[in-house]
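We just call them A, B, C and D in the order they show up, numbering each chain from 1.
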Amino acid sequence: MLEQLKQQVFAANMALPDYGLVTFTWGNVSAIDHGRGLIVIKPSGVPYDTMKTEDMVVVDLQGKVVDGGYRPSSDTATHLVLYQRYPQIGGIVHTHSTHATAWAQAGLPIPALGTTHADYFFGDIPCTRPLSAEEVAGEYELNTGKVIVETLGDNDPLHTPGAVVYQHGPFAWGKDAHDAVHNAVVMEEVAKMAWIACGINPRLRPLDGYLMNKHFRRKHGPNAYYGQT
Amino acid sequence: MLEQLKQQVFAANMALPDYGLVTFTWGNVSAIDHGRGLIVIKPSGVPYDTMKTEDMVVVDLQGKVVDGGYRPSSDTATHLVLYQRYPQIGGIVHTHSTHATAWAQAGLPIPALGTTHADYFFGDIPCTRPLSAEEVAGEYELNTGKVIVETLGDNDPLHTPGAVVYQHGPFAWGKDAHDAVHNAVVMEEVAKMAWIACGINPRLRPLDGYLMNKHFRRKHGPNAYYGQT
Amino acid sequence: MLEQLKQQVFAANMALPDYGLVTFTWGNVSAIDHGRGLIVIKPSGVPYDTMKTEDMVVVDLQGKVVDGGYRPSSDTATHLVLYQRYPQIGGIVHTHSTHATAWAQAGLPIPALGTTHADYFFGDIPCTRPLSAEEVAGEYELNTGKVIVETLGDNDPLHTPGAVVYQHGPFAWGKDAHDAVHNAVVMEEVAKMAWIACGINPRLRPLDGYLMNKHFRRKHGPNAYYGQT
Amino acid sequence: MLEQLKQQVFAANMALPDYGLVTFTWGNVSAIDHGRGLIVIKPSGVPYDTMKTEDMVVVDLQGKVVDGGYRPSSDTATHLVLYQRYPQIGGIVHTHSTHATAWAQAGLPIPALGTTHADYFFGDIPCTRPLSAEEVAGEYELNTGKVIVETLGDNDPLHTPGAVVYQHGPFAWGKDAHDAVHNAVVMEEVAKMAWIACGINPRLRPLDGYLMNKHFRRKHGPNAYYGQT
């Protein structure tokens, strides 16, 4: 069932330790088959070094397991909220990558300071508001998804392909699982650069709007001219 | 004698350089067989790249060597004090890992700032008071154990599975040697994240209590729902 | 066509991930055959792990592709401006290496603080002024080259073999592609050291002029005495 | 000639890139045969990946090459001054390792902040005064050695087995080449820890004298009890 998507999700999960984004089992990737309304996601707490393609779990949009011998990731409900709200999203990644998580702990958006950022993210990478005690005590993972949606609002999620959840860590997404991992790598790298740049010059200026626009449009949309056609 | 425990302790010691927690011989892991009152511990000053399972030293709870051709770790007395006081502890790790040691040198607890921390440590990772000149001149390693016990008090050591000793470095523990190494890796990672987060925002807020509670309980205790059952 | 130069440019491009200077495809190296007026440059957006020597693109000094099946790097126009202005330059590298990019985001030159810097760069590594909205909306990559030339002026580009472009990142160059990569590695390392040194002592003194002169002359010019003759 | 010492010096030089202490050829190790008054040292500017044991150069205490086909390291005169002044020194290392060099650029000693430091260095790792214009213009490398001697004075060089030269970088030494590399690794690690610790708590207290003494004496001198006898 959904063999190809399972392979993509497995490969995307295995890429997380390769890119230095996860320690132990602290991360998960999912992807959706929008036509069938089914999501493939990493099983909860299974170590990367023994995980296999067939361990991937298939759930429907209500989170019911329809294929697989393991429990799905404990963050499954967060992924589902995002897929339900944004049909543009095809894959989602959650990690506790060091520098992006530090911005989440600092309670601040990752500011757009350079073209590296603008090549992938249009504007700051937002930080959610704190969840309330009620939201945490209730359906916590569902509410985590809701607060990300509240933060993103009607923005195009492929123009802001990630956010940090306050005191928690980064979520990134993209048109598929591979693209989501790509954006998670970028978020960690620009989080590191922004930390260092602000340390060097606390009074630095945010990225000029016209330069942001130029770089984002070089790589995205009808007038993109980066790469091969 | 205690072959299985020796293998576990050897494997746990060898994991320290793999996780980047030690330089040269700066680290040691032990584990206890509570039933027999015997501890297996790394020999003192033996390089990791030539160390073998049979080099592990067996001592009793008074520190007397009962098996093995080497002297036990010079920190053995510290381990013994912890095993004697807390029957919940099955394994102990000492390292000089970079960021946790920096917090020890700063003389501050590693603050709970995010869910990464709360998944393993309930509350700040405490920093001991300075040892007095008398405590250092006397039974130094024994007194190091005592000051950790003084710091932990009646807290459940598996809820606070580590501490930093003032101007010295981190000790971590767990239900066995493998678990203790796991907690030492987490302590180093959250020490790094906390340093960066405080650099980004010196006025950041500590982790909300209800979020701390939620995350710790997701992974620990009767209502845990992370991972496979 | 230009087989040897293609091999040099390919090898220089492949060295970028080996030295940790690039993530994904964020970097490019070119070299020039001044006699024939032809430049060999990396294709745009091709991943390093599948790129081959024959994928290198040959363009003339006006940027017209004269050999190769791919589009040249989107930064080709920047390289061309530098080759046209400075005949001493034989190879050029552009990366988004972490620490050099952070200085670009901070909007500051990388200050000459030690002999490591002076062994390769005579004086600070300059940061360009911001491009105007018109310059970005117009021939952006060409204007990026022009602002580097404006910054360097009549300085010998082999005495200042690199610069950071404001809010963008580093460009480095040298007598050939290999030398340019060498200088890009040095720029990243001295950018890291300068960040740390300024963090340790915000009131540190810049490198004494006579020490700068001594170290640069140890390795460059008629009285150099470093290395083998 | 001096085959065994050449092998030791070659192995010690090759350890520098393994420990991440050098980029390119930025480092050199030497060792002395005090009985014969001969020093074995790395050749100048030869890359680590092609260097062989037989490339090591033998010089006498006046720096005259007595064996070997290459020029000795351009820093040879610095090494000689130290060997002439301190018969306890058997091996010397010079690197531009990142964090120790940053302290040199900051113009500050690396402060003794913890037991990791005190296990190897008794007290701060000193920073030399600036060399004068005359000292730099004259016999620069010789004067670099002299300013290290001026800084160390009558201290036991094995109690302070390293120093940073102002705006330049670290020199470390030990009873032989292997020991000198060991101390260079420690200096880089404690330089990194001290940077982080001072960032976490700018008002931290230096290491208590009695704790310094205890740790240094655990590993050095007649009452040492660390390691195997």
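Descriptive notes on the structure:
Just so we're on the same page, contacts are C-beta pairs under 8 Å (C-beta built on N, C-alpha and C of every residue); 3 or more make two chains touch, one makes a residue touch a chain.
Small disclaimer: the values here were computed from a predicted structure and weren't measured.
As for how the two copies subunit C and subunit D face one another, under half of their interface residue numbers coincide. Inter-chain spacing, taken between the CA centroids of subunit B and subunit C, is 46 Å. Taking each chain's centre as the mean of its C-alpha atoms, subunit A lies 33 Å from subunit C. Shown for subunit B are the residues in touch with two or more other chains, namely 198-199. Taken as a contact graph, the chains are arranged in a single closed ring, with each chain touching exactly two others. Looking at the complex, you find that subunit D touches subunit B at residues 113-116, 182, 185-186, 189, 192-194, 196-201, 204-205, 207-208, 210-211, 214, 218, 225-229.
Contacts from subunit B toward subunit D in the complex involve residues 23-26, 43-46, 70-71, 74, 96, 98-99, 101-108, 130-131, 133, 136-137, 140, 167-169, 195, 198-199.
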